[in-house]
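Look at the two complexes coming up: subunit A is in both, with subunit B in one and subunit C in the other.
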Partner chain A sequence: MAVATPPAAAAPQPRKAAGGAFSWSVPLFLGPAALLLLGFLIVPTIYSLFLSFNRGRGGEFSNWVGFDNWVRLFTQDPDFLRLGFPPSGALWNNILWIVFYVSLTVFLGLLIAVMATRVRYEAAIKAIVFVPQAIAATSLAIIWRFVYSPDDETGLLNAVLGIGNVGPLSLLGNPDTVNWALIAVGIWGSVGFATVILSAAIKGISTEVLEASRVDGATETQIFWRIIVPMVSLPISVVAVTLVVGVIKLFDLIFVMTDGGPGTASRVIAFNMYQEAFPQGQFGYGATIAIVMLLLLVPIMIFNIRRFRATAVQQ
Partner chain B sequence: MTALADTTVRPQPRTLTARLARLAGRSPTHVILGVIALVWLVPSIGLLITSFRPSADMRATGWWTVLVEPRFTLTNYDRVLEAEGMAQAFLNSVFITVPATILPLLVASMAAFALAWVKFPFRDTTFLIIVALLMVPVQVGFIPLVAGFRESGTGLLTNYGAVWLAHTAYALPFGIFLLRNFFITLPKDLIEAARIDGASNVGIFRTIVVPLSVPAIAAYGIFQFLWVWNDLLMALVYAQRNAIQPMTVKVTQLLGTYATEWSLLAAGAFLIMVVPLVVFFSLQRYFVQGLLAGSVK
Partner chain C sequence: MTKFRLIAPFAVLTLVLAACGPGDGGADASAPDDGGADASAPAADVPAGDGSIVVTSLWGGTEETAFVAVLDAFTASSGIEATYEPNRTDYATVLRTRIQGGNPPDVAIIPGIGTLRSLARDGSLISISELGINQADIEGNYAPGILDVGVVDGELYGIMVKLNSKATIFYSPERFDEMGVAPATTWDELLALTEDIKAAGSTPWALGAGDSWTLTDWFEIVYLKMHGTEAYDTLFSPEGDWTDPTVQAAIDTMLEILTEENVDGGIDGSLATLFVDAIAKVFSTSPSAELYYGGGFVGGIATGQDVNPALQGQEGTAIDWFPFPTIDGSGEGLVTYGGDVMAALVADSDVAEFMAYLTTAEAGQVWAEGGTIISPIVAVDTSVYPTTLIQAEAEQVTSAEAVRFDGSDLLPGTDLGAVLQAAVRGDDVTSLLEEFQAETSAAWASE
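Right, the complex of A and B next:
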């Protein structure tokens, strides 16, 4: 840019444009965003952190209680975390979700992406698994409540199981099965996302590499695990991180499908936060859970900042 | 395939045996993909059919029996729209979603422009703060904001104000991030040339950056539109009056009243889905772009 600058006369103008002088357009462009981010994200976050040391019952913030909320959350609230064998509670359920939902969604997404590249109806199959992405979790939850309905004249799953003389089962009504039934729905809803992103990555693998390994006698299973998986490991990690963030924020599906039940068996952190804060009116306790959610997301925050620091400075 | 590994066939595996081997090797793929297609389609189709079945039929037999005795009605939609207030809730969803899409588009693209093309102190730090804010969950705002709105006496929780503002603010980090990363890919020469010609930042933003960034802005717009339309949680917290609640909240209320009235619930669930499905099938390209870009949120 400096190369194109004619000397003398035009010099002040480009210098200003290049950022030497303060421009009044900066507050104009950034002002609205800055106000909203400060007022709705930054200040409330700090305020929530303070409120986690307050009883805050029903919106009355005069009773400072030190670490009471924090101690109660981690040691006296079986709905949040109950250690034992097997452990239970919302935090434990989130861990189950992270382990099983994330890994199976990635695995199935990759499998479908790989298989789809070999058939002519690739676009159709990708669209079919992708459609749940467009649907509200509320609708998705009703679709699956209906499938899981314990009445085998209504629920598709029990009708199918009935053919083999199994059931009828109430998967959502049983504390031992409810989380697995919900995780299955979560996978159903998210596989399309993984498929579309990983499919784009797989297209980037050179066909020569694949052909060469086939010629060398590699089986399709070997090609999948030893060539495709390693070559798309970066997009896999991006998908996995996105899904983990989704699990920590997971709310709508649980609220509509089970309302955290039976009892409190299928609660997750975001559900507890809502439940304690609003129906129960325990604002201080709710704020504590919100801060726990934020803390769980901090490692990903740091990961993102590291990832984008380079690009920010580059420009 | 291993049978083909002898030298004579290798350069050209297009013999009859090769083709048969490939077909045999592929049929499991077709079977598995067929099963996957069924598992992904049948649950939704079942609910769609149920939404058109008379509720007496729904109680008596499974939806799959329509294959032998098809009998359909629009009564469920009629009832859910009129008697159960889904028509009003549909309008509420529109009233919530349209401003909550346009506002963040405007505010985010302005901020993204400044971060991409106007130099100011701590610009890179500002951008990294935006990246950090991507991970702030909506929950940390709930209690301070609800308490604040209540005390303010502005009635924002019972008109659309709170839900618009909250959706806008929480959409900004992602919007600014996405659009800034798109804006910096625009040709530098073009913008510098406009500056030398004396164009102001506002002029450059309006006449160069926005027109050249329509695909990115559209992708973000669709993403945000669907996000707000499909949202339940923010509406539960920030829209605290029946008359302004969107369809997602209305359907969860129906669920509380009619837990096994599947034909009614199915009609409600599909009314929520109609708009996103139309958007999805008509703007699939932008939609997928927005989604791919959204994989950082």
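Right, the complex of A and C next:
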């Protein structure tokens, strides 16, 4: 899984030279970074926003279509969102990913981090659990595609099931199971990240608190849920936010493992954006999806910044 | 006030961008670097080329070798260097990105008529008349209707360069003899053949449903045979109605054969199998199925290095095909075919000469000798095809009562294969077809 860098700290306030006069050092220092930000972030965002109101032939502003792309995206595109019971579509798949992938990765990461503190070979465990993070997402996808292969001479999963005489399963070929199979791969790839960060956070809990609670007769489960989890809640939210941002951007795993298939069952919104903009050439429509991705990130960023401000105030 | 000071420059920037935003048309998006013929005037004089052209396609392996032979023949006769650049994966994406980046190839295979229409309307393609070639002049080189597939909004952009019949069912005559069965000519006979093969202890069909276009091929040939050419043409046009009962009827007929017991690996297994692996199930050294429905290109793949090169020379004994049967007595002589069109993206004299060369019998013959394609050029004699399988395929196409281009390649980018995959899995497709109808008519409208 590509790991998004945690959000950067707030930019330093511009300083005035002694006496309050304008100092040229300010724009000189901020200038290059501001230009890069402008050129690679602000301008493309505004371009995409305007392109989403356009037909976008060849990536140019060819015909103004107003909100047509937006209406079509949310009401006439079952690949993106199909309301019903159960709902389906790329947006729904992202929601599944956010709910299950993030919560399970954080939970498993925390569990492994806590249990690893009890054993002597803790460093070895963390190193092993972290190895999948070192694998490029594409390689991860190819490895697991082979593992899931329905042919029990190629697929590890079906070879193992074959020992117990369970028939060959085609997890990636069945739209009911494909998303869960992909989420499992995502969890496998990201647990190491959660474990390492949460392990560092747990080390920050003072041992006196833990000893005192044990003396008071708390069980390990109670210690886990009532002491450890609340005390590392900030690192948990950092990990969770990073994972959620990763889910919204998720593309490479889906593209390589199933190409959105079978049919369109495992598509995610970034895949739709790529598919509409590039192979189909509907750049305006693809830009619309890109803006939707941006809008989905806004509440997460607000939550994150508030979190940081709150802790900054506490300190 | 400080906040306003920060926002103001961005507000100005937004206004500036809005002002210079909506341009008129992307007509200049593909302005070639070498000279610039006025793309809107049907001028016969295109600027001189620089003596070399670049042609791209997604072919590799034996298909590439056969095409490069055509390029070499062109270079020999014209002196213009022609380089082939393959893009095996993500072909449409790479092509569009190159066009957008101002670096288009001179000539490109267009994968699908929906893409042809889209690129033509983007202004990225040079029409054949702009290159100085008159459609009426070359019309006679082709069977009727073949060139019309490449026409967009009344202008010819794509010339059909190769095609394959999609009305062929491949099998092994040796194994048929062993099992005591024979090819079928009607749908009922085909069902009986399926049962006979099961009785003989083998699995009848191999299906590569992981490549969903294999299912669209099934659907198209069944639909054409059942409902005829007019219904077929209407269905794959903006007036098509996918909720019409004829569509469900064709799907139901398909599913009479594509069942859990008839398909090697079961339905789930076939949905995870790609088409080359499915061909291998019938023709590899350890086969597990007896019948594979696909295009005429199956023969080349089955005898190629990907599957079983030992079959080369065994055409007629170890590998052969029989025509897709009639259904309920209708569909005799109706053939679906798949083909590729080639279009020009740059207007200069070298490109014009190359496109004209592709319409000649010489080019068709050189390509046909490669053994991977059937040439749409009528003047190519069927005896030049290297194997009996391909000769028979060429004769099937030329002597067909009517040929119809692969419908799913005509659609504006909506995915019929996904609907058919759901149907094959046993899902109720009524609501899926309604959605597909809504999606497809929206896509036709927004093209």
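Couple of notes before you dig in:
One rule holds for everything that comes next: the second predicted complex is superposed on the first by the 266 of 315 C-alpha atoms of A that agree within 3 Å, B and C clash if a C-alpha of one lies under 4 Å from a C-alpha of the other, contacts with A are read in each partner's own complex, and residues count from 1 in each chain.
Operating definition for what follows: a contact is a pair of C-beta atoms (placed from the backbone, for glycine too) under 8 Å apart; a residue touches a chain by one contact, two chains touch by 3 or more.
Just so it is clear, the structure is predicted and the values come from calculations on it, not from any experiment.
Of the two partner chains placed around the shared chain by superposition, subunit C is the only one that A:P78 touches, whereas subunit B remains out of contact.
Once the two complexes are laid over each other on the shared chain, residue contacts for A:I305 go to subunit B alone; subunit C is not touched.
Using the contact criterion defined above for the overlaid structures, shared-chain residue A:Y47 touches subunit B and also reaches subunit C. In the superposed pair of complexes, A:Q280 makes contact with subunit C only, with no contact to subunit B. Touch criterion met: A:F61 reaches subunit B and subunit C at once. Considering which of subunit B and subunit C touches more of subunit A, the answer is B.
Counting contacts as defined above, subunit A residues 42-43, 47, 59, 61, 149, 274, 278 meet subunit B in one complex and subunit C in the other.
Of all the residues in subunit C, the ones that touch subunit A in their complex are 10, 13-14, 17-18, 21-23, 25-26, 29, 90, 92-93, 96-97, 99-100, 115, 118-119, 121-124, 210, 212, 265, 268-269, 271-273, 413, 415, 417-419, 421-422, 425, 435, 438-439, 442, 446. Taken in their complex, subunit A has these residues touching subunit B: 1, 4, 10, 13-14, 17-19, 22-23, 25-26, 28-30, 32-34, 36-37, 39-45, 47-48, 51, 56, 59, 61, 112, 115-116, 118-119, 121, 125, 127-139, 142-144, 146-147, 149, 151-154, 156, 159, 188, 193, 196-197, 200, 214-215, 217, 220, 238-239, 242, 245, 248-249, 251-252, 255-256, 270, 273-274, 277-278, 283, 286-287, 289-291, 293-294, 297-298, 300-301, 304-305, 308-309, 311-313, 315. Subunit B meets subunit A in the complex at residues 1-2, 5, 10, 25-26, 29-30, 32-33, 36-37, 39-44, 46-47, 50, 58, 60-64, 107-108, 110-111, 113-116, 118-120, 124, 126-128, 130-147, 150, 165-166, 168-170, 172-173, 176, 181, 184, 188, 192, 195-196, 198, 200-202, 205, 226, 229-233, 236-237, 248, 251-252, 255, 260, 262, 265-266, 268-270, 272-273, 276-277, 279-280, 284, 287-288, 291-292, 295-297.
Taken together, the subunit A residues at the contact with subunit C in this complex read 42-43, 46-47, 50, 54-55, 57-64, 68, 72, 76-79, 82, 149-150, 168-170, 172-175, 261-264, 274, 278-282.
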